[in-house]
Each structure stands twice: as structure tokens, then as C-alpha cells.
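Multiple structures are listed underneath, in C-alpha cells.
Two complexes, one shared chain (subunit A), two partners (subunit B, subunit C).
Then we have the complex of A and B:
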């Protein structure tokens, strides 16, 4: 009897969770099913389950539609940008969290104000700057832009975490004979790993799906990243829904993989210090 | 082996009005165990951090072996420090924690391992070498922190309240361990604490600080017996020294201190030292252990009997503390008497006082009045 009551009490929560799962997981499953169906099949009945699994669409997208190139472009841009933004952001966060220096508040304000500015506001000036430096329509240019735009959030998350590390640790390392950069490398980075995983995962997901900067700053088909590649299937007069779905599945696979691997570490990093 | 000399050392923190450390001078001899003692906020930790090189010096000099090190970075001063929080690197094993400082000094790998194992053996840490700090108890962590300092064989050890995170029993055993290690190694040591028991038991000398200034430096018992001012008198000793407002009077060639209805002849002070205070106020100090329920034979002849009322009785086991009010309504004092006292709260008592054990302080400067002319 009591067991039933307990179950009954939990029913609203359970209902909410089921509803939430349907709302968030439904579209994903729908796209997944569409990715294995052809466009005529989809137009015939959009919500039907695949009758025959068209796995060949993935090979098709990869080879015929240049998806392989887009994928590698995305991988190069995102991995390089994430690596750079993590390193630069961690160094900046370490300095802001550890050292009191003249103008530190101004530096923090300038970096963090990057979070407030919407990309639409920056895009014109970025376009002009990249053009001036010969970086327009290049992966290097996009990498630089990505590093610059993600730096604010990275510093914000890492500084919060680094600031909680006890000062004694750093003093002890200094007494042990280590210089500032070595302390950053041997103390801050290894101890700050949970927070660094968080920023790596977040930045990877955000940049992997980034569309606006990529569409403005890249023009050659050979340089496009995955989100642009998906648009490839949206012609002016026709919409290859089946192939878009296949492209989407290819695009989100690494993100899902990354999240599956690091979700726990990421949540740990985000909530670190919240409960002591 | 080294001497540490501090000369007119001052520290002013940005945004703070009063300097945290005011012209502190101190000379620590080679192999000496010097304790910096004072209440929290007295500047003792700031002094230690300036010696370590962790805090910029506002004015004055710190010299090691006679060589000023004001501008030598912490990493090059060859000093090891043990922190209150232990500051063990959480991502490293005990072995790596101990080896961290040696690795930076490019000591060969097998030499590092030999020294780490040697120190671990000495401190009973061998079974824990592969563990990380979170898997150690407080006492074990403390020993790792100590080992990290010892293994480097530095010129100077600095300790910043290293025992305050330990429970009472562990504190006593670790204290003895620390004293033993320091004696064996003979390394010059500066030890910061606010615990007077640590200071009394560990230090070759103690340096008492208050409000950023050095108040008194001396051997523990010397300082205890002859406090330089009322602050030291009350800070050293538990329960603290009783301080009573009194007046000095001249009666022939004798000087008498009068408080409440009590008059006591000051036999331990030369008349010349007391002359400036005759006819005026002084602060009279008497330690709780110099008040007796039954005076011992040695002082019975000179002991002065004081009538008092018992406000509270605190039996501590080995001894009993009595809260008393002199004459029933006068100032309150604390006496430390034997454990089998018959006195009860609310009762009347006659307490014996040894006039030779009295201390006198200038009521305005609070400085002790010298016993020798």
C-alpha cells in the first residue's frame, strides 16, 4: 500500500520526464528515421518508420555530396580552435584568478564583455578585418574568429574554478622552486581538469554547430564546414529532406559521442564549488 | 644551516590603512627554533610570508646568512615552508608530492627516490607513498607536508600554524615529533603560532607580536616570568595573569601597593624603580598559580592573606580554578589551586598571595616596571 502511495507521489515527476524526453528526443529520433529513408518516401508519409534501411545514403552523402571534405574541415577548424581557446583561456583565467595586477579588472571586463555582444554585431567588422589580413575565406581565419568569440565563456568558466583553488598550493609550488608558468602547467592545469573538460565539451559542441560566422566568412565549397554542407541540400527550388537528415546525423555524431564520454565530468566541472 | 636576520621589516597591504607589520627586527641564529607568537591579525604570518618571499616587502630587509634576499624570488631562497592547510598537491601521490621540489632542482632520479624513501621511512609514511592526499588522515597529511620540507634539506624551515588543523591528542604527538625532527636536523626554524603552549614547549626563543610590532623576544620561561608589558603578561599563561588597578604609597623606606582593602609591601622591587609611581596608580599583576589556598612552607612566612568570595569553581582534574572577588565586592581574580579544594561557589575564602611574585605595569604605557634599578 505504502509502495503504491510512493509511486503515486512520483507520478507527476515521471509524467514531466516522459514529456520532456518526447519533446527533446522525438525530433532527434524523427531525423534519425528520416536519415535512413529516401526523399520520395518521406514526402509520401513524413512520420512513417523506415521500411527499408537506406544505409547507402550515408556513403552517398560522404562521397558524392562532399561531406567528407566538410567533415574534415569542421574537424580541423573545431579541434584547432578548441585547443587554442582552451590553452589561451586557461592561461588568462589563471592570471586573473591568481594575480593582482594593475588593470586586472579592466582586462577581465574587456574579455567577459565578449559574452554580451551578439555575433550579428561583430560580423561586419570581423569580415573587414579578415579581408584586410588576407584571412577571408580561409580556415585559419575562421579558427581565429572562433577562438576570439569563445574566449569569454572559457575564461568565465575557468576563472570561477581556478579562483577556488587554495592559494597555499601555489605558494607551496613557489617554495618548491617553480616559476609562474611551470606552476600553471603542473598545478593549475592538472587540478583544473574537470573545468577544462567542461569548456572543451561546451566549446566543441557550440563550434561544431556554428553556422553564422562560417556562412559569412567562408565562400569556397572546398572550405565549408559541416553546418554549411547541410545547407548544400537546400536548393532554391528543391529541398532534399532525406539527404539533409542524413547530413545532420553525420554532423551530430561526434557531438553525441563527446557528450556521452564527458557529460559526467562536464556537469562536475560546472557545479564544482557550488556544494562544499 | 643559516641565520635569518630581519631588520626594520614593514608591510602595508594595498587598501589597508594601518601597516600590518611595523618595523620588525629579529635575528634568528643558526639552528635556532624561533617561534613567532601572537593573536590572529598581529602580523606574524605576514612576517613569515615576507621571509619566504611570498609577499613583497614594503620596507626593511630580510637577510639569510647575512645576504639580503629582498629581491630574490621565493623559488631561489632555498627555504621550505609548511602551511596550515598542508597545501599538498591533490593530483599527485605522496611520493610525487615529496619529490616535487627535488625534481625542480634537477636532482638525479635515483637520488630523488632514495631521499624520498628515506624521509618517508623517518616519518612513517612508507606504506602511503602510492596514495593521493585525499586518501590520508589529517595527521598523515601533516607528516607529508613536513616530509616535503625535510626532503629538500633547505637552509631554513618556515612553519605557518602547522598543527592547528589537528585534534588535541594528535597535536601533542605531532608537536613532539616536530621538535625531535628539528633537533635531529638542526635546521634554522621559524614557527608561527597563536598557541602559547606550542610556543612555550617548542621554541628555543619566542618572539611575541602584537598589532604588527614585536613586543618581546626571549627564552620561553624568561618571557613568562618577566613579561615586558601587560599584553605579554596576559597572552602567555592560561588562565591569563590577573591585572588589578592599584595605588603605590610610601611608608618610610617601604613601598606599598594598595588595591581594594588590601595593602601589600613590594619587596621584589627596588625603591628607586618605584619612585616615579608613588602616590599614583599602577597596574598590579599576579599569576593564578601565585595565589594559594594553603601557601607552601617556603613562602608561608611572607605570604599575604586576602579575604575573597568564591564566584565559581572549575575543577579541571589535576587542578581547580577559582573565580574570586576580592573582599566580596572588589575586582575579580582567578586562582589556580590544588584539585582537592573544599571551597564552594558562594563561600568565603582566604587566599594567600606571594608578594615576591607580583608584577607591576605602568598604567598608561602598560610596560612592565623593571625589577632592577
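Then we have the complex of A and C:
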């Protein structure tokens, strides 16, 4: 009886929870359903479930609307940039966390101050600079810019983790005659793997979703990344809601797939910069 | 007879390898340089140099064929005294930032408290609530443009079902509501993020304190205001600052949903910078650089003030 009363008292709370779950998860399911329906079907009733699953829309988007190219561009840019920023950032973080040297505070301050620079302060001159270097409108240029934008956050997270590794470990390695680079490669990196996973997740999601730098620094259709490709398609086919939804699904699918498998790791990764 | 010098190549290799020092906290300068060099090079070329160049641009007018004329502080003077769109953008960004930041953190805390109250399926809901954080602004923006659509958007449909036809509205088409519509979308995307961090902080609270409050027959509201919020203060301040910085730089979502329109009602400083630089066909990067520089110092000022203000009262006695 008491238990039952208790539940009754909490009904408003439970109702609110159900409602918010629908509000936060519903739009994604809606897009998923629309991605398998044709535009006439959608305009008939936007919120109905698919009657017949039009999987051919994905093949159509992939080849005819150039989403295949956008997808590969995104994948190449993001994977390369994440690999580079992880390696470069881990080297710097290892150095800042392990060694005492003159100027270390200055180096740390300079690199970490990159976290508060607004993109607007960089984007206009990056446009000019990439033109000067001949990197404008190239995936390589975008990759370097991405590495630079994610560097500060990466060093910040990794250094915090590396600094907590016990010093004895490194003393022992030194005694065994490990050279400095071996210590980094054989000890810091393997032991730091959890923190590295965190930064990889964070950087992957942020860069996969990135729009501003890409829209300023790329112009060719053949070089567009997914967010640009979707906006480009949207510009030409404003009313073709069904195909736009298919494009959106192509962009979300990898992220959602990873999330379904590693939700806890990804939640941890995305919030890593905010918890101290 | 002097020993012959080592050939240059071996010397370089020896220099690079360095000789081990016994104290593992010490390393030869060259080793340190090697570890830092890639990061510092990328950082110097693609962060420090662009920032300096933006500062340089902000006191120049850049004409066609990159002809640069020094104009001193003219850009800044024009910006502050004559540019009404800029001030409109500042007002919009300020509203967006203040309302959005408060709603973000309070909403996140509220959702976290709901899950903290030992409800069924809390873990599953936590995972679902976080999904919007993973979606790009492009995706979120397009979905919400559809949801706000006058004819078939869900927002108007739900109002219709509830018998509130009079409230049906062209949410993004009306200058009076467009900014608020974007604020709601932004809130929807980030609530899950704030919720996760508040929830983690709640779980880290010492059980004895909450238990003692229970013994003292403390009501849930009193418990929230006098115990939970003060103890979560460092986390909340952190979230406020993060959310604040993010919103002061807001570009993508606004650009995708309204592109600053209608009638500049959603123009933010960032979208205005972008428009002046790339959409006005003047090709003058000097003036928008001045906007970016001025705005950067304003963000810096606000964030410093905010942390000072909130951290001073941080030393609460327990």
C-alpha cells in the first residue's frame, strides 16, 4: 500500500521523464523513419511510420547526390586529423607532465590559452594564410587547421592524466636504460590509453560535426565534407524532405553506431573537458 | 694528433638521441625541444600567426588584390559609432547568451535531480537524453527548421491538438519569436551535456550530508537550495563559464536555421563577422577582423568578471 502511494505521488515526475525522453530521442527516430520514406509519402503524413522501407534512397543519395564523396572526404579528414592531433598532443603533454625545464609554464600557458580563442579571431586570417600557403580549398589544409584547433583541448586532457602517473614507473624505466622517446612510446602511451580514448572520441565527434572552418576553407563540390554536402543539397532541393532526411541519416549513422556500442566511453569523452 | 671529428650525420643522430640522465625528471634541452616541436610549430603557424594577422588586419582596409591600407582605429570607431547592425548583433548575442546559459545550467541540474531521485530506467534515459549532444548543428538545425515549419511542423501540430490554434505561429519567420526559437533548439541540444555533469557531481556528494538533512526533516526544496546547490557550486560555476563562452561565439546553429534573419532579429556577432567577410562582396577583411578583435576582448572581459564574481563567493562555510 505504501509503495503504491509512493508511486502515485511520483506520477508527475515519471510523466515528465517520459515526456523529456520522447522530446530528446524522438526527433532522431523521426528522421530515421523519414529517411526510409519518399517525399510524397512524407507530405501525405509527415509523422507516419514507413509503410515500405525505401532502402534504395540510400544508394541513390550515395551515388547520385554525391554523398559517397562527402562521406569519404569527412572520413579522410577526420581520421587523419584525429591521428595527428593525438600523437602531437600526446608528445607535448608527456613533455609538459614529465620534465622540469625552464619555460615549461610559458609553453603550457601559450598552448592552453588556445582553448579560449573564438574561431572568429582565426577564421578570416586562416582564409588568407591558407591562400598564401597554397592550402586553400584542399583537404590537407583543413586537416592542419583541425589539428591546430583541437590541440589545446587535447594537451589539456592528456597532460592532466599523464601528470597523475606514478613517477616511480619512469624512474625504473630510466634505470633500465630506456631512452626518452622509448619511455614515451612504451610507457606513457600504453598506460595513458584510457585518456587517449577520451580525446580521440571527443575530437572525432567535434570534427565530424564541424561546419564553420570547412565552409570557409573548402569550395569544390568534390572536396566537401558531410555537413557541407548536406547544406549544399539542402540549398538545391529545399522541398525534397525525404532525400534530405536520408542525407542526415548518412551523417549521423556512424556516430549513432559508435554510441550504441560505446555509450559510456563516449559520454565520458564528450564531457571530459568540462569536469575538473 | 687530434682525433678526427665525427661525420656530421652521426653527430646529428647523437644530438637527437641524447644521453640519458639519471634523474627522470630531467632531460636534455634537445629532447624537450623534439617533444614540443610538432605542437609548437602547428600552434605557431595555425593559431598564433592567424591571431596576430587578425589584429594586424583590424587596423587596415584590405582592398582587391590584397592591397592593404593602414587606417588606424577607423574600423573600430565606425563599428562602435555608426554600425547599427553590429549593436543589434551584440544585443541578440547577449540575450542569447544570458538566457541560454542560465536555462542550460538550471535545466541540466533539474534533469540530473530527476534521475538522482532513484527512478526506474534512469541509466537508459541518461543515454537517450545525451544523444542530441552528439549530433552536429547542421543536423539539429535542419530537424528543428522542420519542427518549426508553419504548415507541417510538429510544434504547430501539437498546439492544434491541444486546441491552442491561436498560438500557432511561423516561429522562425517572425522577428519577435525567431531568436527564442533558436534559443530553445540550442537548449535542446545541450541540456543532456549539462545533465551528465551535474549528475556526476551529485553522485560524488558525501552521503552523510544528505542523510543528515533527511534526519533533520529537511524538505526537498530546502535541501536543494541550502545543501545541494552550495555543494555543487564549483561544478555549476564551471558549467556556467563553459556555456557562456560557447554561446558568445555562437555561429553554426543560427547560420543554418535563420542566417541571421528575419530583419537581423537573430543576427549574432559571429554571423555578422562571417557575412561582412564573405557575403558582402567587398572582400574587405579589415572591418570584420575589427569586429572579431573587439568581440574577443569583450568575451575576455565578461569571463574574467564572471569568474571573479562567482569564485569570490565560492568560499562558503559548511
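What we mean here is this: the second predicted complex is superposed on the first by the 235 of 276 C-alpha atoms of A that agree within 3 Å, B and C clash if a C-alpha of one lies under 4 Å from a C-alpha of the other, contacts with A are read in each partner's own complex, and residues count from 1 in each chain.
The definition used in the following text is that contacts are C-beta pairs under 8 Å (C-beta built on N, C-alpha and C of every residue); 3 or more make two chains touch, one makes a residue touch a chain.
What you are looking at is a predicted structure, and each value in this text was computed from that prediction instead of being measured.
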| item | value |
| --- | --- |
| Subunit B versus subunit C as contact partner of A:21, first or second or both or neither | second |
| Subunit B versus subunit C as contact partner of A:89, first or second or both or neither | second |
| Which of subunit B and subunit C A:63 touches, first, second, both or neither | neither |
| Subunit A: partner with more touched residues, subunit B or subunit C | C |
| Partner chain in contact with A:230 - subunit B first, subunit C second, else both or neither | second |
| Touched partner set for A:219, first subunit B, second subunit C, both or neither | neither |
| Touched partner set for A:177, first subunit B, second subunit C, both or neither | both |
| Footprint overlap on subunit A, where subunit B in one structure and subunit C in the other make contact | 100, 171, 173-174, 177-179 |
| Residues of subunit C defined as touching subunit A within the complex | 17-18, 20-27, 29, 31-32, 34-36, 38-40, 42-43, 45-51, 53-54, 57, 66, 111, 114-115, 117, 119, 125-139, 142-144, 146-147, 152, 154, 157, 188, 191-193, 196-197, 200, 234-235, 238-239, 242, 245, 248-249, 251-252, 255-256, 269-270, 273-274, 277-278, 285, 288-289, 291-293, 295-296, 299-300, 303 |
| Residues of subunit A that touch subunit B when the two form their complex | 100, 166, 168-169, 171-179, 182, 187, 190-191, 193 |
| Complex interface listing, subunit B residues touching subunit A | 14, 49, 52-54, 73-76, 79-81, 83-91, 100-101, 104-105, 148, 152 |
| Residues of subunit A touching subunit C in the complex | 10, 13-14, 16-17, 20-21, 23-25, 27-28, 30-31, 43, 46-47, 87-89, 91-92, 94-95, 98-101, 107, 110-111, 114, 116-129, 144-145, 147-149, 151, 155, 167, 170-171, 173-174, 177-181, 183-184, 205, 208-212, 216, 227, 230-231, 234, 241, 244, 248, 251-252, 255-256, 259, 263, 266-267, 270-271, 273-276 |
